Each structure stands twice: as C-alpha cells, then as structure tokens.
Amino acid sequence: MRIGVLTSGGDCPGLNAVIRGAVLKGTRIHDQEFIGIREGWRGVVEGLTMPLDRHSVRGLGKQGGTILGTSRTNPFEGPLGGPENIKGTMSRLGIDALIAIGGEGTLAAAKRLTDAGLKIVGVPKTIDNDLEATDYSFGFDTAVEIATEAIDRLRTTADSHQRCMVVEVMGRHVGWIALHAGMAAGAHAILIPEQPQSIDQIAAWAVSVRDRGRAPVIVVSEGFTLNTMETPHSEKGLDAFNRPRLGGISEIIAPEIERMTGIESRATVLGHIQRGGVPSAYDRVLATRLGMAAIDSVMAGEWGTMVALRGTDLVNVPFADALSGLKQVPQARYDEAAILFG
Amino acid sequence: MRIGVLTSGGDCPGLNAVIRGAVLKGTRIHDQEFIGIREGWRGVVEGLTMPLDRHSVRGLGKQGGTILGTSRTNPFEGPLGGPENIKGTMSRLGIDALIAIGGEGTLAAAKRLTDAGLKIVGVPKTIDNDLEATDYSFGFDTAVEIATEAIDRLRTTADSHQRCMVVEVMGRHVGWIALHAGMAAGAHAILIPEQPQSIDQIAAWAVSVRDRGRAPVIVVSEGFTLNTMETPHSEKGLDAFNRPRLGGISEIIAPEIERMTGIESRATVLGHIQRGGVPSAYDRVLATRLGMAAIDSVMAGEWGTMVALRGTDLVNVPFADALSGLKQVPQARYDEAAILFG
Amino acid sequence: MRIGVLTSGGDCPGLNAVIRGAVLKGTRIHDQEFIGIREGWRGVVEGLTMPLDRHSVRGLGKQGGTILGTSRTNPFEGPLGGPENIKGTMSRLGIDALIAIGGEGTLAAAKRLTDAGLKIVGVPKTIDNDLEATDYSFGFDTAVEIATEAIDRLRTTADSHQRCMVVEVMGRHVGWIALHAGMAAGAHAILIPEQPQSIDQIAAWAVSVRDRGRAPVIVVSEGFTLNTMETPHSEKGLDAFNRPRLGGISEIIAPEIERMTGIESRATVLGHIQRGGVPSAYDRVLATRLGMAAIDSVMAGEWGTMVALRGTDLVNVPFADALSGLKQVPQARYDEAAILFG
Amino acid sequence: MRIGVLTSGGDCPGLNAVIRGAVLKGTRIHDQEFIGIREGWRGVVEGLTMPLDRHSVRGLGKQGGTILGTSRTNPFEGPLGGPENIKGTMSRLGIDALIAIGGEGTLAAAKRLTDAGLKIVGVPKTIDNDLEATDYSFGFDTAVEIATEAIDRLRTTADSHQRCMVVEVMGRHVGWIALHAGMAAGAHAILIPEQPQSIDQIAAWAVSVRDRGRAPVIVVSEGFTLNTMETPHSEKGLDAFNRPRLGGISEIIAPEIERMTGIESRATVLGHIQRGGVPSAYDRVLATRLGMAAIDSVMAGEWGTMVALRGTDLVNVPFADALSGLKQVPQARYDEAAILFG
C-alpha cells in the first residue's frame, strides 16, 4: 500500500513524532510505502505531496511543529473539494489510505470522507486535551510544562513587587492546561471556561492572598468568561468604542483587580510559545506510540477509527465516539484544585 | 486528629508536593493538625519530629527532595522498634495516624504495622515506576525527562565523533525509565532487566546503526544483565581480581562493544541527577493530588490502604494488593520499542 | 559596621545572589553586620527593615526576584524624603552604610545622597544591559536565554503554518536583548530602538524570507519605533479613537506585515517571563561576584562608586561615570547582526 | 576563493554556529565559496569533503555537535600527512584557504602549517576555557549551565539524605568549569587542578558543613589531584592491584570522605552530557560572531591568526600568542570563591 499522512489544524509538539512512529513501523515491520500530504486537507484537495520515507523522519522525534505543514482548509469546500474529487486525486497520486492527524474538525471531516468510502484512520491532536475519547493527547503535557515554567518565573516578580500576576494560557473551550499548570505552579486561583466566576470572587481571592502577605498569582484559560451581572469597568471602556475586544481575557481581568483591590496587577498572555518547540519526553513517547498504533490500524483496515490512550493502553475508537463532545474539566477536578485557592 | 507524615527510602521529585497537598487540604478543609516525622521510619522509632503547618509547606510544590528527610531504617529493628514500641512513641507524641510516603519496603512495613493496629495510609513512591497498583508514580516523569535531555545531548557528541554512546539510567529491577527515555530520545537499543540480551545482539545492533552511517545510542537500565554463555572480556578482567563490579553495567558493555565492533564507545552513568531537583509539571500535579487523596483516606479511616492512579482517577488500594509484585515492562511494550532498534 | 542593603526598581534574576554574596563575604571575612532595607528607597525613607544574616541568605543564589522587595519610590519626595531625613532615619536604625542595588534612577539617587554625605556604594542592575560603565549586568543573560528559548519554540509554529512571527522582547531604550536573542535564535530581522526601520523595509525582509520558502521570524524591542513618513494602517485605527496605544509594538507591526505582504502574521509579547525565575549560571556567578565586590567597596570606604564588569575583571566606577549615558547597541554590532537579515 | 572549514578535537556546543556564521557572512557579504572538510585534520590529509553552502547551514545555530565530524588526527603523521602533502591535497580539491576550529593541538598544527606556507585562520575551541588569548570560548557557558543544573538537582538529594555529594565536572588542566558551576550552585568546596588540596582539608570542609546541619556539596574538576603525603585509603586499594585508576577523581574522594568523617558520600561523574546538545544563547551569539570574524580574517589574509574575545570585542591574535600557555584560574578568583567554602 501507499499511505498518505497529513497533519491538520494548529501545530502541536509531537506531530513529527507521530509521523516518525508511523513511518518507521510501517516501513520496517509492514513494508509499506508512505507519501507526505502537505498542509493538511489542502494537500489532499490540491494534491500537494512530498516524499516521506525512513530517511525523511530521522531525528523527528524531538522536533516541534510538523514537517508536512498544516492548514485549516475544509476538504468539502472549493471546486476540488468533496469526497468524489478527493477520491480522484488520491487515485491519481496512487494513495490507498490516509492517516489524518488532527483535532475535532479534522476528525469530523475524516468521518464524513470515510462514510463516503475513503480509507482513513485518525490520530487525535488537541493541545487543549479536549477530546473525550482519549485520556490525554500529545502536546498537552508540553504545553502544561511550558506554562508552569512561565508561572514559576512570574511568581518571583509578583513577590518582589507585591503585584498580582494574571497569566493567560491556552484553552478556548476547556480549562485543562490552566488546571494542570495552575496546580503545578501553586496558583491562587484558576479560571476556566467550565467554571465562570464573578470579578468579585476573583478580587476576593486576590485580597485574601494579599492579606496573608503574599502576591496573588492567577491562571486563566483564554476561553474563560466572567460570570457577572455587571460589565467590568475595562470592558465597558472597550464597548464604548464598539469594537472587538483587544488582547486576551487576562487583559480585562488584571486592570479590574487593580481597580477593585488597589493591588498593582499585570497580565501576561503566554500565547504561541505554549505550542511550539521540543516536545516533553512524555509527549514524545505518547506520540510515537500513537503513530505506530495508527499504522497498525491501517494494516488492520480499521477505517473510520482513531487511536486513543486509555490508562496506559492504546485503543481504537470509532470517529463517531471521538466526536461525541468536548472533554470538559469535571466538577470534582475543579473542586480539588479550588482547595488551594485564595 | 494529629497526623504524622513521613517520607522513607530514596528521594524522589514530588515528595514535597505530596506533603504540601496533604497538609493544605488537611488544614483548610478537614481542620486537622499535622506533625512532620523526620528521616522516615527512624523518626517514628526514635520520636524525631518537626512542626508541619501550612506555613511550612509554602512553595514546596516545586521543591525537590523532602523537607522531612529520609532514611532506609527498618521500623522492626532495634530496641525501640516494633509495633508496641511505636504505638507507645506515637501515643507519647500525640500522633493519631500516619501518612507514610514510600516504596515497596515502606509499604510492606506499613502493612505489618497496620495489621498490628496502627492507623496508617500510604502514598506510593517509586521513581522506577515499579509498583503494580498504580499506573504511574510521581518522580518517574521527571526522571524520564532528565534522562531524555541527557541522551539528546549525548547524541550530538556521538554523531560528531562517530562514537557509540551507552547511557545508563535508573531501574534496578524494571526498565520503565530506560523504555520511556529510550523511546523519547530515539535510542537504537534499550536494555532492561526484564529482557536480557547477549552482547552479540547488542554489538549487532551497534554495527547495523554504524553501517547506516549513524552513531549508535544505547540506553541501559542499571539492573540489566547480559544473557550470555560467555563472560564478556571486561567482566573477566574484573573477576580475575575477585572483587565486586566497579561502576555500572554500561561500563561493562561499552568497552565490550568497542572490542567486538571497533566502534569507539563511551559509557555515561547518569546516576543521582535523575532523582533530584525541580519536579516536572506532570509530577507536581500527580503528587499534589495524591497528597490530597491521602488525607481524605485518613479522614475516611481507610487504614491499610494506599492511594493510586488508574487512568486519570485516583483510587484506594489495600497494601496487600499494592505489594503483590513488581510492575515489569510487559512484552508488548518492549516489542513496540524494539521496532526502532538497530 | 551595620550595613543596609536595598534593591530598587524592576526585579531582575540575580538580585538575591548579589545580596547573598555581600552578606556571606561581609559576615565571614569582614565580620560586619547587615540589615535588609525593604522595598527599595521606600524602606530607607520609611525605615522598613528586616533581619539579614547568613541564615537568611541560604540558598538564595538561584532564587529569582528579591527577598527584600522593591519599589520605584523616589527618596527625595514626600515628608520623610531627602538627605537630612534619611540621615536621621539611618542613624535611628543604626545603619552606617548602604549597598544600593539598582538601575539608572537608583544610582542617580544614590549619587545625590552620597553628595549630601551619606555612605553608599552601588551595584548596577539593568536587565536591558543599558548601563555604560559595565560590560554586562546580571539578569541580562537570563533574559536573553529565556527569549531565545521562546523564539526557538515560536519558529516551529511559524514553519508549520508558514506564518510570520513577530516576537517582542524587553528593551525600552536599547536593543541588547533583541540583538542577542535574535542572533542566538537566527531571527530574520531584529528591530531595536537605536535603529528605526520603515515598515516597508520590514515587509521587504519578510517577503525575502517567504520567497526562499521559509517562515519569517522577527524580533523587536519593546522600545522600537517605526521610521516612517506615513502612520501604519493599524496605528491609524488606534489614533482615530484618540487613545493610548494598546499592547506592544509587535501588535502594530504584525498586522501591518500581513496587510502589506499577505503573509499571515502573529505577535507575541514575552513580557514579564523574561525577568523572573531562576538566574542562569552566568548571572549567578556575576551577581555573586558583584555582591562580594560591593562589600569590599564598603570596607574600603569607596562611597559614591559602583562595582562593574570589565572583561573578566570587576572594577570600581564613580557614580558620575556610570550615569554618563545609555549604553546603546553600537552600529558595528547591528551591522554584524544585519548580515543575517532577510 | 574556495574556503575549507574543519572542526577538530572534542566536540563543543557552538561548533555548528561558528560554521553557520562563517558560511552565511562569507556567501552573503564576501561572495565566497565554501567546502566542508570532514573529521578534522583527517579530512585535510585524506581529502574527505562535503558540500557546505548556505542551505547546509540552515538551522545550525542551535544544533549541538558538528556537522563536519571531528577527530584527533595529527596532520603531520602518516604517509599523506605533512605540509607538502597537504598543499597537494588542497590544491587538488581547489581549496585556497582553511578555517580551522579547534583547541590547543589544532591551533599548534595550524601554526606549523601556516609557517610552511598554508593559508589558515583559526577559531579557538576549548570547552574548558583554557586558552589564554580569549576571555571566553564558546561551549564553556553551556557546560557551566549544564553542570550547574545538575548540581542544583544533586543538592536536593544531598539534603534529603544528609549525604555528601561529590560532583565531578570537566577540566583536565584548569578548573574554570568547576569554579563557575561551583559558585553558581553554591558548592561548599571547589577542587581544581590549579589548587591541590589535602584530603584532610576536604574532609574538614565537609565536617564544617555537616556541623551546621547541612549536606556538603563538593565540585571537583576531573584533573584535580590530591595534595597529600599519604595515599588515600581508596587509592591504596587500587594500587594494591597494580592497575590504572578506574573512574574519576570523585570516585576516590567520596569514599575517603565517608571513611574519614562518617558522612555518607556519593560521587557523580557528569561526563559527556556537559559537551553535547543545544548551546546556550550566550554561546550561540559568541560562536556566530567568531565565525563571522573568521571569514573577515580570511578576506583580510590574516593567515596565522585566530579570532578571540576581549571584553565585548573580537580581536585577532597570532597563533603564537594563543599558544603561549594554559589560561589557569588565577589565585584571586579561587580565593574569591573560597570565601564560600565549608
């Protein structure tokens, strides 16, 4: 067989390790041939490829990003999109099956294409760790580690200046990165999308910390929203100009804390540094294993499934199950973390 | 209640985070009092204590080692040892219950003491990840990360000099650290206690790597033993002097590879750097959660059990189950890694 | 003698190592007594102190921030400020001399107070490395290292998505951090306050990189200003609302590059993570040596001078010389770096 | 011109950055052509080359080791060695000039070859920082950083177990790595080749630390020798077998401290991890600048000189001056560090 591999959506530490794992096992054990699909679904639609053999994956285990490139292209759009066109393109390129490495959108597209008869297996990629069907996804551990180190650094500045630091981490829909990095770094409050809080509550935590003689450190997911009857002062200012919110939620919260409590407050948006660079050892092992399991799925013809982590085992999960909903932080995990707030 | 906390056996990144988690939840939620037992079971036997309140655990989440100190004392030995003496000492110190953080030996002792009527809950500590009852134990992730970074560094030297690097990591009885660090760093062979290999096989892997124009990197657990009919040349030399083996197994293997293949070879024993210092974010979260779960076990009177990780959940496990045997690397995990050998 | 130590201005990795170096040499060799002045000049003015002996500096060499706290108080303001009041306060506290660790403002204040008869020696602190009288100042190396690691990470994302990354680092008046981190991380353009560039030039560099098939990485000092006849499009938008610029210069430049070149562009403001946390080994050594040299200056009665690095030696420099002007990036150093642009 | 580049002797973080700096400036500014010489002088003697253009140096700034390979071949030995043969080989390969990156031996060979009429400029490479003519050499900062992080980790184990840790770092003839890493990590004794100490003095330092309730951390250069009338007990044991010393000096000192003081003691030999892997930002900047300066020297025809760091400037130094002697740790620097001993 000739197997195409693609990476789609935002990049994530471990993508290259997945590719390497699949190619090395596929060539060494299963004696298959690979071809790289460039820039995610765009490459499938437009037929953009690159060679992908065991030499091209040398040293990839520890390399961040994806050598295949990525995009957010929707394979059902455009004149070349859709199942029938894609079947034609794959046939023309001599590609028998696809390994699609991506997040919810990618897997949803893969499901529709598999339903239409294409041979696809998936590997879940979500730095936010928001896919229900897998205990952890690669990249998440690296992101938590980077965020934790950053918060450790910010804390010394907070203490020296008696400032409140509001640190914004990734997590559009779920708060896993904030939860783990916040617990690891000993944050005094963790604000996540699943648990709206009022600015009054946040200010109360900050005051409680200050009153113990310490400098508050607050970790907030980018997708957190304030639970409030009243628009905070800073957002009002922006609304007055009737324009989209600039910057992140931390840049709303920090000045509000300062205004309400008198504690000098600073926002830091960690941003893209959380998703690039050398993966942690944990993510390299997980990603390598997932890549190997994906090629096994191909050999077994398990089309329409993705590989996933359960405990310490890798399992196969139908796309449908994988797409059943966001994996949110459960109440019990938030309550556990909240013991350390304030 | 007044709860004593002790750490026993070799130190491990995350010990302090366990202590912090237990003390913060115990004081904030359960309103209990704590006392630190110094130097493991020696402190229990000799009545060595230190204050342990929420102020003493400030900032401990990221601090390596254990503020309580540790030792390898057997609580059943000596004039002050044994259940009855210990009951007396605990009574004198006003200690109602113990949280014992330690490995197999510690938990075995805790079991015997619980059987004799003492109130003890356990937290599993094994940097080697060799306890059957828990998916992972804190400290393991940090050790793997440190070993992986070291192997990454050694690889560039190997490549520049066309040398074979034999890197010895922790793992007396099981090969988990070697397995994970070796996979993460892309080692060409991983040698673990569970899978004896002949020096001929190891040399063959090295030659295969060299013949592809690359420099072999071999990761070996300290507890690995050669499976061989014939004593290797280097060990013969040592035997001739009828004295215990000096240095680690890597220092036997490296010269033997060089003698057999002509590839210049070097041994590096990573040693204690794997077990000290700042824990990874993964270990800080796991250790904090285990500490919190341990105090819950105390409040629930679950004497004779330890807290453990199953998937993403924490569970309670009777000491007896926890002590049922070493958690070895399963054949399937070794075979998976071996795909990348040579 | 009883010697007061204060840290003033923004925090900086190595402050605690300076304190430790001064206290350990001062107590062990010179047999002097120390007292900590809290929160910079505010502590001098208001008489805020804390004990400072060899026990209080244990383990401080690697601790970020400053145990003394810091502020931006001007010692000449307020009812308790000014030389005569301060003399009275110092006399009341039994303080014979001061070691003032701070930047340009701190040293200028120290000069005025010394001119008025107080006994002060200085230690230069500037994370931006902008003091003329010293080759390097502690904290700078750590900041460069953190910025470099961040840019390394951002580059993999840039490459995977074919994006332009604009990374904003510290440097209000001078571009040393951008220059060094940019060279270390192989940036395609480095934008510093000393060298205004037009948005056209910046866009041209980005296009040149894109045309070679690569993703542009641009490092910019926070104090960089565009050299342009025409206000860029993004800044126009803000000016229209007649309000202060939000965010950093990178947030002006990135959208402008995207608008002009069609290359998707992202801004990242590294911010406070550059100034906190564990100092690099280089900074720990430099800071420790400066602290030791400062107490030698005190013993020698070299009031009105600060210690400074020249080559590998520490020297004494009168405050006046130290304040003669900002140390800018020389043209030759910028030209050297610019060889790698585009 | 066609310029050959070679790296010789032990590898060192920053070698690739030197190569990249020379090639990028040489191609972009001076419009010269490069060729890579493989495996140091062996490549010169045997005519082993590889292509070296701007594409081959992409991303090399942060890559450890040397893409050119290295060896310890002496270019004056063998049937193809010596100036006349080498002239012939260079002429045959169309090489006009050489940039030789290496240590004392390499530069001495380069001097002899230059004296015989070859066109060579040098770049000093010594991870031990032992070349008199340059303030610092690339690789040293990285080695110190790695050693410091390792000692930080070992300290927590020392404290938890009340053990003495003896950490052996690189430094065959001079103690710079031990001096800097020891100061940075707050070691209780630093043992360097320039300053022999008796085992009695070392044991006395350990006891003094233990008596203050702390765990001794001792850093020792691999080239340190005991200053003693009497052979230590452990070395006696080895002598009894009339065989070369196994392991490093730390493995002599640690058991001796334990025997003399009763303090449990452990040796750790850091070894090759100090010389591989990603260079620090400091070393990347220094190495890049040295590479650029080397190609300038070639263009200026400054044969028989090497580039060197003085303060913050790069200068040209005749090989003869560069080879005038080892740069030892001066007495004043050792005394400064020794203030913190015991």
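To keep things simple, chains are lettered A, B, C and D as they appear, and every chain counts its residues starting from 1.
Everything below uses one rule, namely that contacts are C-beta pairs under 8 Å (C-beta built on N, C-alpha and C of every residue); 3 or more make two chains touch, one makes a residue touch a chain.
Quick caveat: nothing in here was measured; it's all calculated off a predicted structure.
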item: Farthest-lying chain, centroid of Cα atoms versus that of chain C; value: B
item: CA centroid of chain A to CA centroid of chain B, Å; value: 30
item: Chain centre separation in whole Å, for chain D relative to chain A (CA means); value: 41
item: Per-residue overlap in chain D, given as positions that touch at least 2 other chains; value: 149, 152
item: Pairwise chain contacts under the document criterion; value: A-B, A-C, B-D, C-D
item: Chain C-facing residues of chain D, complex; value: 24-25, 28-29, 59, 61-62, 135-136, 141, 144-145, 147-149, 152, 180-181, 183-186, 280-282, 284-285, 288-289, 292, 310-312, 336, 339-340
item: Chain A residues touching chain C - in the complex, by the definition given at the top; value: 7, 10-11, 15, 39, 63-66, 69-71, 146, 149-150, 152-157, 159-162, 165, 241, 246-247, 266, 268-273, 275-278
